[in-house]
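Read through the structures below before going on.
You will see chain A twice below: alongside chain B first, and alongside chain C after that.
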Partner chain A sequence: MAAGAQAAGGTDWRLRAAPLIGIIARHRVLAAVIFLAVFPWLAPYKALAVNILIFGLFAMGFNLIYGYAGMLSFGHAALFGLGAYGCGVPIAKFGVPWFIGLPLGVVTAGLASVVIGWFATRSRGIYFAMVTLALSQVVYYVVFQWVSLTGGEDGLRGVNVPAIDVFGAHLSIVDPTVKYYLILAIVAAAMWVFSRILASPFGAVMEAIRENERRAAACGYDVNRTRWLAFILSGLFSGLAGALYAIHLSIVPIETLHYFTSAVVLMMTLLGGMGTFFGPFLGALIYLLLQDVVTVVTVHWQLVVGTLFVLLILFFPRGVWGSLTHWASR
Partner chain B sequence: MSAAPILEVEALAKRFGGFTALADVTARFFSGSLTSIIGPNGAGKSTFFNLISGSLAPSDGRIRFQSRDITAEPQHRFAHLGIAKSFQITNLFPQLSVLENVRVAAQAMKSRFDIWSKRENYRDLVTRAEELLATVGLAARRHDAVENLAHGDQRSLEIAVALACDPRLLLLDEPTAGMSPEEARAMMDLILRLNQERTVILVEHRMKLVMGISDRILVLHHGRLLAEGAPDDIRSHEEVRRVYLGQSV
Partner chain C sequence: MTLDLFLLQLFTGLALGSIYVLLALGLSLIFGLLNIVNFAHGQFFMLGAYVGAFALGLLGNFWLALLAVPLFVGALGMLAERFLVRPLYGRGIDYPLLLTYGLGLILLDSVRILAGTEGIPFPAPDVLSGATDLGLFFFPTYRLFLIVVTALVLLALWFFLEKTPYGLIIRAGALDQEIVQVLGVDVARVWLIVFGAGVALAGLAGVLAAPIRGVFPEMGIPILVDAFVVTVIGGMGSLLGAVVAGLLVGVTVSFTSFYFPQTATLSIFILMALVLIFRPRGLFGRAGALG
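Moving on to the complex of A and B:
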């Protein structure tokens, strides 16, 4: 009896949750922006909220190649980092304004993904991961050695963007709330573009190639060129995230290019749910919140986050958002 | 049958390392005909199919489609030229719906790199996919997941996906594999209907099935062309009878 009532309760919950998840899925950009607009008032402090925005965007870009096109890149740190340096160097060394630095960062990452993608999309599976890793390490060492331009090991300092003038309004970026909403505006625009790409005919091609590469080729799709374009698009979003990171921190740490960053973005995507729209953002949120909370208790935060990650992969391989939508659609 | 050959292969060969899977096959396939390729397991039928559908590059020889040399064309060009194949082992997009399987296949002829417009702008692709599903008898299952389809229905979907590019030459690799006799007969009826509008080449190792419907039959054995001719000639061919020892031909 009790078990029956419990089961009925579960179904009832599911019946109530399913339409809500349906509405959220239909208006995914709006839903994400509403949540992120309220989010800083729930987060411990604004700088963390900004980090979640930026890494959420990075993970979203990474998810395009991993979750939608089905290729595990282990070199996305190069694209994120080059976005950061491509934006930071012109601002710090040549004094260009932010609204030129930001697109320069995106273009730098875009050019890098054209080159890295051209080489990497010729290989498959583990070889693809290895080629992207190797090429991103090349980028790391070039930036590391080119001290005069990049600051080398110490990172790039002096990416100062004190204030932003938008339509006559003078917005001081030193104010964390203002900074958060400015970055949210840019991230929201990127989300909208991303959502359009997923809904485009090209989005269908990516999924078809992920599902069955041989069949897609037999249908008449040029698999390598599709993968290459997906990689470039992914690189542009990652680069935008990196450029925003440079403005947010007003320095660019060399760690942005380190392969650990490639692993972090993979963990975030898996935590939230690969191949889902909200998953990467949710994953970035969980990862960074955990890191923040656990660091207060112990310096060995990676041990705790790592254990949780392993448990989640074992028992919820679809990730948090992926498991939720799967449960609702059952 | 008097029309020009739609496909010609000349001294076609494929070697894998030291192993010769196919050697010196020369044949012509005429527009509008239905040709079957038969032979025991390991005779080179699938290799021959992979060569003429662009999945494998030949080691030697030439392939001409409508008088044009297509030997060096990459795989994805074949669909655009008008050659499509269905796979021997069901080879679909497992996580996509039945309709989306055919729709995305049809999309390859219209839009491959459009990252900005909406999929709804290509309404005609959905209409086309629905027509094709009706042709193979799957209209009622269009919203189902591929994995929920019975084996026979998956084989039919294979054909709908192959038809999506509106091929002039349709290559079917053992379309009745794993089917019950009734399902196999229904499939042969479908193939005859499709043959009214396009050239069909069929691989089959169940000889009886194709005898009644083929215009011409090619027999492969040990990677070589053993015999070719009308079904009646093949039936009375001495060597073919020896290869198919014990089976009533």
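Moving on to the complex of A and C:
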């Protein structure tokens, strides 16, 4: 075996890398959490690390619908944004503590995804993308015009999070390290749930529908219901990410609801590798680090991102993690 | 509401709808034949307005500028099809959509770099400014011109598709590409032309809208969503649907902004939701054929 591997040159590395990738794939939640636990020391600064956590979670939720269920949603900004406003408005306007605001944000996004999902999952393929895009614009305009509650164009301000005492420990979210690990704990729990969903029979049905909808229907699975449920689940993860975003920034910019945000999360998922567990997190990491570097040099970030989009689609449709696992399993 | 006021709102809606019709026609033409949703459509619309403004400055003639825009923007569209979109045929419906989205971002930032982030003025020519007496009411001449131009474009497009050999090939291609290919038609060239024509329509819509809406880099961003809503209401890939839904949406916006200005931006989405409840494929929707 060794002789053959060495004779083939590059194969040697692949043989060594494959078991490692196998181990990481088997204990995916643990591997991700270990990496994210040491990540603050690798990132340029803590606020960026928190952003990567949040957008990684958002991209993971988006990946559920796009990568696993095979439906391209262009409206996830609405679910992320409603998670943020649903959490931020009670905190800023009614003085609710953050640990109540957080589930409220998730519930708001969940209710929205029930409604949006009901409309959108009646349609297929490209219609689905159009309908989700249009409905997310509805959310955008409603929030934009409801100035008294949402702050309208200026965004929602004053989502302040005072320190709390839990089990005798004094927790101040203003401290970046505390904030990072608190959010990491929540993200890790979400990741675990996500991993369980993928491993469940429901996850298998979802992928079956992606691969061949008619066959799944012929096997007796309720296709529309599965698609709707997948959309709602995806919306809950996105909403959680949005709620965390509101707490992280202490404000909610109206741009979180813009369809450009939907494109950003799509870009992250593609960059990392759609339909893979680590891909979206890796994509969020690369995207935000790149943005951090590029925006120092030039204001034309969209030119860079657009070019990246085009090159990815043309040459690396599998994304970084997807290409890596493909190369290892070849 | 008196009759003259009603007619005024109706005509205002038709003028607005004309822009939507041109945009949606381009989208539907491209979708119906190439099965591609062109997310760069809004940016080609914006590019049309900019090219028009520069051509106006260069040539000093509105009519020449109006002619130059579809040619230039169409040529750009053909380049995009040849070098970016073509490698993606047969690779699913998502990839071209995402690629054109990226292309749109490139166009948007390129215009910002070349022409600045501030808007530029685009005055309507003297002949078309002012108002025209339509018997019962006075109507802005430029908006009347919009309706007339759109009607002429529709007529030309109808003639091209129904009465010329090229139109026959295009209609056949929409029904069954393989058979058309087997019959010895160079399908790749047909797609090139169709993509160029669809994008040219977006550019034309942009330059026509410029005197009303102004010319600025972000002008294509919100209207892209409006154009999508129009195509979803009409049925994606349906040309008749694009026309009917475009006018319907224009008139809806016009009347709601008169009666309930708060909900004007929302009205078209409500219209879309209503249509989708009863007809999930839109008013005239069929799978991937020009109707």
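Quick notes
Methods note: the second predicted complex is superposed on the first by the 322 of 330 C-alpha atoms of A that agree within 3 Å, B and C clash if a C-alpha of one lies under 4 Å from a C-alpha of the other, contacts with A are read in each partner's own complex, and residues count from 1 in each chain.
Everything that follows uses one rule, which is that contacts are C-beta pairs under 8 Å (C-beta built on N, C-alpha and C of every residue); 3 or more make two chains touch, one makes a residue touch a chain.
Everything numeric in this text was worked out from a predicted model, so none of it was measured.
When chain A is checked against chain B and against chain C, the one touching more of its residues turns out to be C.
Of the two partner chains placed around the shared chain by superposition, chain C is the only one that A:130 touches, whereas chain B remains out of contact. In the superposed pair of complexes, A:107 makes contact with neither chain B nor chain C.
In the superposition on chain A, contact is made by A:72 with chain C only, not with chain B. Once the two complexes are overlaid on the shared chain, A:222 sits against chain B while remaining clear of chain C.
Look at A:214: by the touch rule set out above, it reaches chain B but stays clear of chain C.
Look at A:196: by the touch rule set out above, it reaches chain B but stays clear of chain C. By the document's definition of touching, of the two partners only chain C reaches A:308; chain B does not. Within chain A, not a single residue is touched by chain B in the first complex and by chain C in the second. Those residues of chain C that touch chain A in the complex are listed here as 31, 37, 84, 87-88, 91, 93-95, 97-99, 101-110, 112-113, 225, 228-229, 231-232, 236, 262, 265-266, 269, 272-273, 276-277, 280-281. Those residues of chain B lying in contact with chain A across their complex are 53, 55, 74-80, 84-85, 87, 91-96, 100, 103-105, 107-119, 122, 161-162, 164-165. Across the complex, chain A meets chain B through its residues 196-197, 199-205, 207-208, 211-212, 214-223, 225-226, 229, 233. Taken together, the chain A residues at the contact with chain C in this complex read 72, 119, 122-123, 125-127, 129-131, 133-135, 137-138, 141-142, 145, 259, 263, 266, 270, 300, 302-303, 305-310, 312-314, 317.
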